[in-house]
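Order of writing sets the chain letters: A, B, C and D. Residues in each chain are counted from 1.
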Amino acid sequence: MNNFPILSLILLAPLIGAIIIMCLPKDNGKAIKYIAAISTFLSLLLSLVVFIGYDRSLGGMQFVEKIPWIADLGVNYALGVDGISLPLMLLTNLIGFSAVYASWNNKERIKEFFALLLILITGVMGTFVTTDLFIFFLFYEVVVIPIYLMVIMWGSTKRVTKEYAGMKLTIYLLIGSAFLMVGLISLFIKAKGITGVPSMDMAFLATIDFPVSFQVMVFAFMAFAFGTLLSMFPFHAWSPDGYAGAPTAVSMIHAGVLKKIGGYGLIRIGLFILPAGAQIIAPIIAVLAIGNVVYAAYICISQKDLKYIVGYSSVSHMGYVLIGIAALNLISINGAIIMMFAHGVMAALFFAMIGNLYEKSHTRNVDDFGGLAHQMPRLSVGFMLAGLASLGLPGMVNFIGEFTIFVGAFSTYKVLTIIGVSGIIFTALYILRALGNVLFGPRREEWDHLQDLKGPEMVPLIVLGAAILIGGIFPFTLMDLISSGVGDLIAQVGLVQIGGIL
Amino acid sequence: MFEFILPNAWLIPLVPVLAFALIGLFLHRWPKISAALSIFSIAIAFILALVIAGGVFSAPAGTVYEFSTRWLDMPGLQVDMGLLIDALTAVMLLVVTTVALLVQIYSLGYMKGDPGIASYYAYQSLFAASMLGLVIANNLGQMFVFWELVGICSYLLIGFWFGKYSARNAAIKAFITNRVGDFGFLLAILFLQIMFGTLNFGELSDSMAGFTNMTILIPVAILLFCGPIGKSAQFPLHVWLPDAMEGPTPVSALIHAATMVAAGVYLVARAFFIFSAVPQAMTVIAVIGGFTALFAATIALTQNDIKRILAYSTLSQLGYMMMAMGIGAMTAGMFHLMTHAFFKSLLFLGAGSVIVAMHEEQDIWKMGGLYKKMPITTWTFIIGALALSGIPPLSGFWSKDEILLGALASGHIGLYIIGAFVAFLTALYMFRLIFVAFFGSNKAGAEKAQENSAVMTVPLIILAAISVVAGLVNSPLMHNAFGHYINSPAGIEPHPSLIIMISSTVIALAGIAMAWLIYQKQVISAEDLKYRFEGIYKVLYHKYYIDEIYAWLGARLVDGMAKVLYWFDIYVVNGFINAIAYVTAITGEVLKFTEDGQVQTYALYMFAGIVLLLVSALYAVYTVLI
Amino acid sequence: MIGLTHYLLLGTVVFCIGLFGVLSKRNAIAVLMSVELMLNAVNINFVAINKFITPNDVTGQLFSIFVIVVAAAEVAVGLALIISIYRHRKSVDLNDFNLLKW
Amino acid sequence: MTVSLNDLVFVAMALVIVVAATGVVMLKNIVHSALSLILAFVGVAGIYFQLSAGFIGLVQIMVYAGAISVLIIFAIMLVMDKSVEKTNLFSPNIIRLLAGMGLTFLLFVTLGVSIWFTKFPVVPAEGPVDAVGMLANLFMGDYVIAFETAAILLLVAVIGAIILAKGAEDKQ
């Protein structure tokens, strides 16, 4: 299996699917959906093979592929997965596959929808799989355009027009990527200055010992860029509107995976290449993260639109990830990565269910619903599973993430973590209140026409539900992998003493 | 047999989980089969528990069996799923499995005709599994996991009839209040993990021995006690238990009388070495326990709903147990937990059969003269009430007496007085209920009441028998066998004293007599009592208005704050973004006036640029020229 | 004694008068004429500098011829434009042509 | 310092040019400003002769004073439909007028200051005898490309002018 380019196949399967779809006739809806399903299923299957085939004891980058691309910039099409990027790649495929099924009964313009969706999946996956900064940034940009188009064309929102939502979403991400570009370029030039060798390879850049002041400046850029993507506190404005505006599949992928690029970037580029800078800026990020958690949790309590609730709750959960990263020790970074995986799966399931409900009832206001458990028991199971996962019930993978982050962050920021832990109460409050209003209560006749999930609509529930439960009941499947990945990272970076216990 | 069962005692929680999974995934379309499967699985668990208990109690006291497997571990944090079997676990296993089995059998009758029987039994087996998991946990992390699972099961079961708004809201209220308790519990876990690097009870107690500065431990112990406050509904977080009566009565019997609420007491018992090391924490526990006991007993006096009375009685008895723990009498607390589980579930099941017979009527004033129509229920109910009030031969007497003895022995005179007074109140409100509901004058609704089927009455009889026998286990007759096994070196050992026994019996009889006078004989009419103590009655009836205070606070702090922050988010954070967009639009609007279409104007702008360049060039160079 | 400076100053004066004419005259043809003046001013500078700084060389004069050539071409085209605009719009007043107005 | 005849001639010529130039800009009647333009061209030609650049002077007279001024007057005739008196006024936009004036004055001051204070490397040698021959050599030598381009430019200009001026008829 060593020279078989499995990672490229995983990465390009959706893209090939998209190209095939583009050649199909417009009205042949069935064929388009099957192609999309097959291509995403193929990459899901292969990523499972990689997940199982990854040698946990060896650790480090495996399944490496390298094709030189731009010589004088030292850019090469380099792929490789390690303990940190493998779970996120698996997450992308899981969500991609269920996103295709979640939008199974889309009616208008199926061809463009699925083509853009598959390109989006490839773009998102690319950032996790590559070990080259330039390719990372390339895929980072590939992602933005499909999202804008899909929000504009298939979006739906009440509070603000979908154009506004799409525009705000895209501009925020572009501002973020602009700062990222500045950071990358200055990094590249400084590295070239110090070593004389032009290289964009992350591992190589990590070995260089940049001056501290430079590290702080570049990390600040990175923190802003990835912060906007991760909807850090002051820059979170795009995420609720973006999710509410986006169609189901896009908000699934967006909440599920796109946000994780921010987290992954912070860890991979922030901590890996600029450790000293990270150490200085980490307390600021920690404070903002706690702002994230409590602020967004509080706002969720007053929300009436289901998608806004999940939007703000994902901002709140990202606060946990951020405090995990900002605590800069092995346990908390492990927790951050598991939390990213957990939140991805949970948010995707939640959006799939909301999308399904919205398709049938054309409203997302919590007060319009009531007693849906009578009519749609399976949908209620899906909602409950996602809801309980998001409030961090043990037995689900979110609890593992939250618990690990709390333990890790507690050793570095005592008071902040205590405030953060109080978030679990507010999360439980708004989730149960929303689910209570939607699912329980007396039966309402006007919703009798809703028919429950069946056939393809069950796929997201089964696939994502299984991921939530397996990850929660048997955390060691994910945890060994991640702690080996993070262990390597901390070891490599150990030369610069990072705060907290290593 | 015991040696085989012991290492894989994890089968006990596993069997009900399998039942839950099977019902949930496949069998939910066939209620009969799922009910049978669930009862069968809990029966197996019961048998295993019996074997374990037999083995533990045959081995010398104090032997501990511990096995654990890797669950979540990384360098620096190790949480594993394990087994800790000792006398304490054995007792709890016995209590939980017996009550769960009897309740599930009883539910066959109680839930007959309910469409959601399959999911009811699914939730019942999930609850049994998580409770058993909690009992056998060997570290705080695992205990927290099952602690939350038990919480979600109570949410599902309270909100079982989700058609009713009240049930739905009660379920949410229960989970949120538990969650507040869990917040403190989680913080305590984090502190312990950071301070001692481990959560395992054994390792914790070893490293605790060597620990010096107690000042740090005070907040940790109090935070750890927050968990039991939430779960066992102690004073500040007790509001959810009375509302939890919205759930089906067997659920109240199992969860809100015997097992779940006892989890808090069990945690205090299990982590007794932490609490006993911190005297301040002990006093806090004792005070909260005592206060809750008194507080709940007073409210129970004025309630009219049969289940609400029993709920407040549970609150009061839990306060008793916590008080026992607080004063160091861990044995007495656990013993009372065991006896209370049996007779309180008996009372609840009895109440359930009354409600079924009375076709969902729960107000005791509408019941009356039931003793003729429902003899078995009535007599088993009376046995339960006698046990609860602490009449000598029955189990309640021995356990309550033990606690009072402990209070005296540890010198908490105040707590002893409160304890005695609560015992009096308990007897009063229990027999108020009996005289009004069973022996009262024949009300209209009571005619058509008739005895329920065997499937409901047999568990009542069994429980009645147990609650009679259970007391002897720790009585001097069996030379305090219970205390011999379950004791903690740090706790106090109350030696039995005849005076206390006699005095507590007299108090109980006085309570019964007073109830007889007021409600049976109407010598002192209840009406004018109510009239004379109008103010107090109203306060008690409205549960000291605590629910209203919490609701008011909640609306202000939580919802109000949420709206303010949402307003802030929309108008300030989004406002800032929209402002930037608006500014760019405005500058565009202003700049357009420079384009007036005249050729010469454009020429003017061009030459102005050129001249500017020349002037700046000249300025740059003029030092050289002049 | 008249030197190069005076010629260059003369050139500047004529150039500025031409510039003012371009910027302020209403009639299109007047603007053209002012442009001619500016071009002449440039020629004066060319020839003067050629005479004083590189007397035994004629590059300066060569360039002034080129300027004249260009000026001639420019006037021809300019006037043709003005005439065609006049025929279309019946006016030569620059203020009337503001099609580019916002 | 001795005031030579040459200086007097220069001053006279300069005065003529400046007066004529101001005339072009200031006169109200477009025809009068055209005539003063011609006068300015002739004055400039005089300057060329004074700078011993005879050939340029002649070219100036032939092209500018001869051809271009005639062309302008033709254009004025073609365009003048109303009475000629008030045709050459200033544009009504006062602000722009003042701005133009200020700008021009600023330009004049800047250039004047820079010219006045720079020390030009003046070479007091006599001019070449055969200036026209050298010009021809340069035209056919180093600057032959420029020469040919200028030729093409003139051709294009002529054709353009004809098309533009003529174009109006066949459109109707």
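Brief remarks follow.
Here is the rule we use: a contact is a pair of C-beta atoms (placed from the backbone, for glycine too) under 8 Å apart; a residue touches a chain by one contact, two chains touch by 3 or more.
None of these values were measured; they are calculated from a predicted model.
At the centre of the protein atoms shown, by the Cα-centroid criterion, sits A. In this assembly, the C-alpha centroid of subunit A lies 67 Å from the C-alpha centroid of subunit C.
If each chain is reduced to the centroid of its CA atoms, subunit B and subunit C end up 98 Å from each other. Taking each chain's centre as the average of its CA atoms, subunit B and subunit D sit 104 Å apart. Centroid to centroid, with C-alpha atoms defining each point, subunit A and subunit D lie 72 Å apart.
Touching two or more other chains at once are residues 91, 93, 96, 99-100, 103, 107, 111 of subunit D. The residues of subunit C that reach two or more other chains are 19, 23-24, 94-95, listed in rising order.
This structure has the following touching chain pairs: A-B, B-C, B-D, C-D.
Considering their complex, residues 1-4, 6-7, 10-11, 14, 17-18, 21-22, 24-25, 30, 33-34, 37, 40-41, 44, 47-48, 51-53, 55-56, 59-60, 63-64, 67-68, 71-72, 74-76, 78-79, 81, 87-93, 96-97, 99-101, 103-105, 107-108, 111-112, 115-116, 120-123, 125-128, 131, 134-135, 138-139, 143, 146, 150, 153-154, 156-158, 160-165, 167-168 of subunit D touch subunit C. Those residues of subunit B lying in contact with subunit A across their complex are 70-77, 79, 141, 144-146, 148-149, 152, 155, 159, 162-165, 167-169, 171-172, 175-176, 179-180, 182-183, 186-187, 190-191, 193-194, 558-559, 561-563, 565-566, 569, 573-574, 577.
Looking at the complex, you find that subunit A touches subunit B at residues 168, 234, 236-237, 241, 295, 298-303, 329-331, 334, 371, 373-374, 388, 393-395, 399-400, 403-404, 406-408, 410-411, 417-418, 421-422, 424-426, 428-429, 432-433, 436, 439-443, 475-476, 479, 483, 487, 501. Listed in rising order, the residues of subunit C touching subunit B in the complex are 19, 22-24, 31, 94-95, 97-102.
Chain contact summary for the complex, subunit B toward subunit C: residues 592-593, 595-600, 603-604, 607.
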